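Each structure below is given as structure tokens.
The same chain A turns up in both complexes below, where it pairs with chain B and then with chain C.
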Partner chain A sequence: MTIYSVYVVNKAGGLIFQYDHSRPSQENEKTFSYPLELKLEPQSDGVSVVFGQRDGIKIGHVVLSVNGKQAHGKKLEDGADIMQVISEEENYPISIKFGRPVLTSNQKIMMASMFHSLYAISVQLSPEHKSSGIHKLEVDTFSLQCYQTQTGVKFIVISDPRQIGVDLLLHKLYAIYSDFALKNPFYSLEMPIRAKLFDVNVKSSVEQIEKTGTVV
Partner chain B sequence: MTIYSFHIFDRTGRSLFQKEWLRPKPSTMDKEQEKKLLFGMVHSIKSFVDKMSPVDGKDGFKFAGSYTTSKYKLHFYETPTGLQLIMMTDTIVGLVTDTLKKIYASVYVKYGVRNPLVDLTSPIESNLFATKLDELVTNLPFYLPLAT
Partner chain C sequence: MSKQANKSFDNKKLVGELFTLTYGALVTQLIKDFEKDEDVNKQLEKMGYNIGVRLVEDFMSHSNTGKCQDLRETAEILSKVAFKMYLNITPTVAKWSPANDEFSLILDNNPLVEFVELPDEHREINYSNILCGAIKGALEMLQMEVLTWFPKDSLKGDDVTELRVKFVRRLTDALPAGED
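What follows is the complex of A and B.
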């Protein structure tokens, strides 16, 4: 039962706070011999597997490291191009680590705005009067819960579908926001939140909910 | 416990079938636009879920779930062929994925697909299909016709 991340979105749909509490490691490191059975292709977020799913390495997984050297996009730490390293036979046997691609901060900002729009559209699609927007989105891999305040700020928590107490966490996050962000005289409204105490309190509330299911 | 409406869209967003049982709030735009909005919404949710999911899905391609607002719940289920089944119910209903699967298997495949003369990309016009669907839905435990 885990809480994966917390997002806070302002009235206009811009991301003002983001916290990743846990990321389940879905990484697979394997040693391969020439020729490589997986088909790889360079894409916007790195070199990803397009065909040849096997041993836990799935389609969509990205190359995270080659022979211990971290991958940054389509290149390695030392500047070598990943596709080139993999296509040369003399580099084999080669050890490559694959995993689910991690969202960059830009992508997170885009996802937050996307959710903001989905929230608004769900109000329009409603067959009943006076519906609110999406307050829970559930699929089999995760559950997303959202609490929109009267001022339009949205608190979003992404967690395991079986996690309990997320609505308590959302209300607690609102209380922490009003204490450490709003009461800070140097904080400008709708801007990204940069307060150490806010981060510390968010982290401790998330940990409390994960462990006990209730928050103090 | 009610069901408001049910839609079937194909891979490209064309509406193949829709049925409304209850709709207290009149829609603010015309029918065609609303269907396009609904499809667009579910399509966007699909790509959102794909990017945001912290773990890989067990089966990879399966896209099924629901979202809840304060007044209604929208359930979506996508078959491996890209057919989207969307149902709007009220908030008390639980998981509807199995029902959607059943609708696909026992109504759509049986009465919608098995006719070799029917073009699968055009809207379903069969009356038998509509009747069978109505029968299945009205027999669901969470369907209660509200007296308006």
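What follows is the complex of A and C.
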């Protein structure tokens, strides 16, 4: 029973806060010998597997690290180009870690504004007058729950479908927002929230809900 | 035992007095900075507006009120829940206009003006103007444009302090989805 992430979207649909509590780990680190049986290709978010799925390493997984050195896009942290390192025989045996690519912050911002638009569309689609927007979006691997306040701010929590107490968490997040974001005089409305106290409190509420199903 | 009880009661009163003192210091500083009474009034309203836009979320998150259907409901919630929550007073709602778009809040014991007397050279200051601004800001975040002012002020010699609220229009440009 896990909470995966929390998003807060402002009135205009812009993402103002995002917190990833846990990610299901789908990382595989394996040692390979020359020649590499997987076919890799450099793509926009890194070097990814295009052919040769095996041992839990699936198509679409990107290179996360080579020999312990973190990958940043198509290069390693010491500046070496990943494709080059992999194509040279003298570097073998080589240990490469593959995993699902993480969403970049730009992608998250885009997803949030798309959700904001979908929320508005769902109101229009309703056959009944004065319907609310999307409360819950359920998929077999996660459920997304959303609470929109009277002022238009949306709190979105992505969690395990069996997680209980998410609506309590949403209300608690609203209370934390009204306390640590709004009562901070240096925070401007509708802007991204950059307050340590807010982060700390969100984290502790999420942990509380995960463990006990209720918040204090 | 009773000494303990006295102590805790005094503590609440002291915090309230600190609030009154702080507000008083604020107004006197504004008078020193701006000199003209109408500038002070404008500043107080601006400050109240900034407080209102933030306080409204705190109010909504702690009070579980749904959307108000009309101005009468808004007036009731303002006086019985909001004022009670933040200033511990319940002003009376009165003097509805025939079109039901204006009402007054009669404040009998305004904590802001507890020990205050307005001097003659600053007769025009609306001492509690911050309340006007706060109501305006809060209602604006809830998509209602209102005008607020003090037709009567006990500091200026009237018998009661009256805060009048007039509904101007619904703001439809930034409606959250689902409200129409």
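As a working rule, the second predicted complex is superposed on the first by the 216 of 216 C-alpha atoms of A that agree within 3 Å, B and C clash if a C-alpha of one lies under 4 Å from a C-alpha of the other, contacts with A are read in each partner's own complex, and residues count from 1 in each chain.
Operating definition for what follows: contacts are C-beta pairs under 8 Å (C-beta built on N, C-alpha and C of every residue); 3 or more make two chains touch, one makes a residue touch a chain.
All of these numbers come straight from a predicted model, not from anything done at the bench.
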Taking chain A as the common reference for superposition, should the pair chain B and chain C be classed as clashing or as fitting?
-> fit
Return first, second, both or neither, reflecting whether A:L182 touches chain B, chain C, both chains, or no partner chain.
-> second
Regarding the shared-chain residue A:E128, is it in contact with chain B (first), chain C (second), both, or neither?
-> first
After superposition on the shared chain, which partner residues are touched by A:R23: those of chain B (first), chain C (second), both, or neither?
-> first
Count the residues of chain A touched by chain B and by chain C, then name the partner with the higher count.
-> B
Pick one for A:S87: touches chain B only (first), chain C only (second), both, or neither.
-> neither
Figure out whether A:T214 sits in contact with chain B (first) or chain C (second), or with both, or with neither.
-> neither
For A:Q70, decide between first (touching chain B), second (touching chain C), both and neither.
-> neither
Counting only touches as set out at the top, which of chain B and chain C does A:L144 meet: first, second, both, neither?
-> first
Rounded to a whole Å, what is the shortest Cα gap between chain B and chain C in the overlaid structures?
-> 10
Footprint overlap on chain A, comparing chain B with chain C = 122-123, 130-133
Sort out for me which residues of chain C touch chain A in the complex.
-> 53-58, 60-62, 67, 141-142, 174-180
Chain B-touching residues of chain A, taken from the complex the two chains share | 4-5, 23-24, 26, 58-60, 100, 103, 107, 111, 114-115, 117-118, 121-142, 144, 158
Chain B residues touching chain A in their complex are 4-5, 22-25, 28, 34, 37-38, 40-41, 44-45, 48-49, 51-58, 60, 62-72, 74, 88, 90
Please name which positions on chain A make contact with chain C in the complex.
-> 11-12, 119-120, 122-123, 130-133, 148-153, 171, 174-175, 177-179, 182-183, 189
